[in-house]
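Got some structures for you, see below.
Two complexes come next, and they have one chain in common, subunit A, joined by subunit B in the first and subunit C in the second.
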Partner chain A sequence: MRVTVDVKGEETHEIDLETVSAGSPNGGAGTGGSTPTYQELLAEIDLSPHEVSVLVDGRPVPEDQPVESDHVTVLRLIKGGSKPPIDRNR
Partner chain B sequence: MDCNRCDEEAIMHAAYSGAHLCTDHFRESVEKRVRRRVRRDDLVPHGVTPEDPLTWVIGLSGGKDSVVLTEILHETFAEDPRIELVGLTIHEGIEGYRDKSLEACVELTDDLGIRHEVVSYEEEFGVRMDDVVEDDPENMAACAYCGVFRRDLLSNYADELEADLLLTGHNLDDEAQTAMMNFLEGDVEQMAKHFDASLGPLSERDEQDEFVPRAKPLRDVPEKEVALYAHVNDLPAHITECPHSSEAYRGEIQQLLYGLEENHPGTRHSILSGYEELASIMSGEFSGDDGANLQDCAECGSTTTREVCRKCSLLESLV
Partner chain C sequence: MSDLRLDATQLDRYSRHVIMDEIGPEGQQRLLESSVLVVGAGGLGSPAIQYLAAAGIGRLGIVDDDVVERSNLQRQIVHGDDDVGRPKVESAADYVGALNPDIDVEPHETRLTADNVATLVDDYDVVLDASDNFGTRYLLNDHCVLTGTPLSHGAIYRFEGQVTTFTNERGTESDTDSPCYRCLFPEAPEPGTVPDCATTGVLGVLPGTVGCIQATEVVKYVLGKGELLEGRLLMYDAMDMTFETVDVLSNPSCPVCGDEPAIESVEDVSYEGSCEISAD
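The block that comes next holds the complex of A and B.
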């Protein structure tokens, strides 16, 4: 299956699921390693599940689950540009 | 994949706990962690009465973190006459960026019916961040100037609003990064200050009469979950990155932590929990050291460890 990964505000990637390495030690529960997980899909485009949310049909999905959709949307977390450590340099 | 607690479909997986949660149980889990932190940090002392309520000022930028913090604190204390919430927004003078997030703040505080104050660098200091980054007299990153100005305004306005507490939306990722930075910089004294300024339970902090105490009730919640909470609650959080954002070292630590967390889930939690324990011990070690060095800034009168505070010396170099 070819999966379209739309990283909002950035690039859209076309990824062939066959080429994604499944069953990595911490890639999630998956289905015993046969189908790559969303986390493993993210790894293909160098994204960590801790910096993005993955949506399928507008709904967030757990990243440790096997990829079941041919179109996923990825929302990057936005750093609050206004949160330097407030306790420093008094 | 079903939720661990009901038959609904899970929307998230927390690798550090193994939990898969549906929308409702995820919401509940975030709110529970924030309320537990409020209790553990003793933020509502015994003996507070509705006749003499506490004023809690929330640093409200309009980004996801401060919006989520405001929403949960409002949910928690809306019916509690002992706590009054005030949102404080700082406009740095960044064209386009802050105007939009200010709209999010106005929408949220209107919705919740809480008091909202806005202050700007331009009105207070006669500078705008857009111009500061152009001038850059100290050859520093934008965040270095902006942080000094923001801290000054947050402190002063917390004082002016007679705040009992100043709350900010720092999340688990923010605090784990700061902890790592202090470790790697070998800054042990900074750990003690961090504890006394915002990390320790109010009842255990070294007394600091000069400053309004601070608190970070979101610090048990990973950044990703804060964003997800804003998303599933459809909160009016502003979602554009600051155009001047440039904390290179923090970015490096952040990437390092993402990798560690992926290979060893729970790393951020353990970094912060060990750090808080160490910071508590350090606070005892350095107890009383800070107060002796404090004086009034010769220019503006604010409390500082220097003759002229950092804000005044930066403003001087900008003129």
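The block that comes next holds the complex of A and C.
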């Protein structure tokens, strides 16, 4: 299956799912080497699940689930405000 | 004018509101009787505070535990050069007082915590999140979900901004499968994994745009007019000068507003680090 990964604010990627290595150590729950997870799909475009949210038809999906859609939307988490980081020890 | 509760000075001050069918004297009266808590008097909070005060939001709370630094002045336009070293809430309150004597401004010079969030938030109609850290953002989200308090969210990074509105009216007729912040991002990233403006920089005018959009959403919410950014994330790219909205639905697995929420109180969460549910 060919998956369109639309990273909002950045590029749109076309990824052939057969080329994504499934069941990798960083791929979350994985599926035992069959269907790659969303986390593994993200790894193909050098994104970490800690910094993005994956949506399918507008609804967030767990990154450790196998890819079941041919179109996913990726939203990046951004931090600001605009002050310096808080000193958690004060 | 049919509503005599607005005095002559107010009819003059708010005449550009009053003259519009969508607002009128009744809408202006509603603004004057409303209360909004702005959390953060920095880049996002400054324009939000200015426009909410100018619009006549009758009671305006401001939470911040920081002092003004010279490096803030490139974007935090509620503060001036003479305010360097002063608490931000004092500087912001002075600004509001000079701008509009109709406003009861309530400065809260403190850091929002799980211990004080109810005391600070529950006395206001709407919360505008202009904070700069994940701990405060997740704390506000969780508390506002649990109490059904409407929340405006904004975030900025370099040349980009994100804005959305969470009305938190679940279980009501206006419930539209609305998400919360944790639906999108169930836990905060580990500290240091997502860059912040202090290390990457930020275009000075960017928080002005984003904070003004947040203020717009709050004013619309109070008036009960227009289409809010509920279930939509607005993404602004100042470099390309593009706006895009992305539809976002609720996440059934969300730990705070999902089908089987694990968070029933802010006491269940450690708002340091990744803001995950406490093990104990």
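Following the convention adopted for this analysis, the second predicted complex is superposed on the first by the 83 of 90 C-alpha atoms of A that agree within 3 Å, B and C clash if a C-alpha of one lies under 4 Å from a C-alpha of the other, contacts with A are read in each partner's own complex, and residues count from 1 in each chain.
Just so it is clear, a contact is a pair of C-beta atoms (placed from the backbone, for glycine too) under 8 Å apart; a residue touches a chain by one contact, two chains touch by 3 or more.
Since the model is a prediction, treat every value here as computed from it, not as a measurement.
K.L.:
More residues of subunit A are touched by which partner: subunit B or subunit C?
P.N.:
Counting residues of subunit A touched by each partner, the higher count goes to B.
K.L.:
Check the residue A:77 against both partner chains and state whether it touches subunit B (first), subunit C (second), both, or neither.
P.N.:
After superposition on chain A, A:77 lies in contact with both partners, subunit B and subunit C.
K.L.:
Just subunit B (first), just subunit C (second), both, or neither: which does A:48 touch?
P.N.:
A:48 sits against subunit B and subunit C alike.
K.L.:
A:58 in the overlay: touching subunit B, subunit C, both, or neither? Say first, second, both or neither.
P.N.:
In the superposed model, A:58 contacts subunit C only, not subunit B.
K.L.:
For subunit A, give the residues common to its interface with subunit B and its interface with subunit C.
P.N.:
On subunit A, the overlap between the subunit B and subunit C contacts is residues 48, 50-51, 53, 59-60, 62, 75, 77-86, 88.
K.L.:
Using the touch definition up top, name the residues of subunit A that touch subunit B in the complex.
P.N.:
Contact set of subunit A toward subunit B: 25-26, 28, 39, 48-53, 59-65, 75, 77-90.
K.L.:
Which bits of subunit B are touching subunit A when the two form their complex?
P.N.:
Result: residues 1, 10-13, 15, 20, 59, 61, 63-66, 90, 92, 97, 143, 146-148, 150-151, 154, 168-170, 173-174, 178, 190, 193-194, 197-198, 211, 214, 222-224, 227-228, 231-232, 239-242, 244-245, 247, 257-259, 261-263, 265, 303-305, 310 of subunit B touch subunit A.
K.L.:
Would you pull the subunit C residues touching subunit A in the complex into a rising list?
P.N.:
Its residues touching subunit A are 40, 42-44, 66, 69, 72, 75-76, 111, 130-135, 155-157, 160, 162, 179, 183-185, 189-190, 193-198, 202, 207, 233, 235, 237, 244, 246-251, 253, 272.
K.L.:
In their complex, what parts of subunit A are in touch with subunit C?
P.N.:
Result: residues 8-9, 48, 50-51, 53, 55, 57-60, 62, 73, 75, 77-86, 88 of subunit A touch subunit C.
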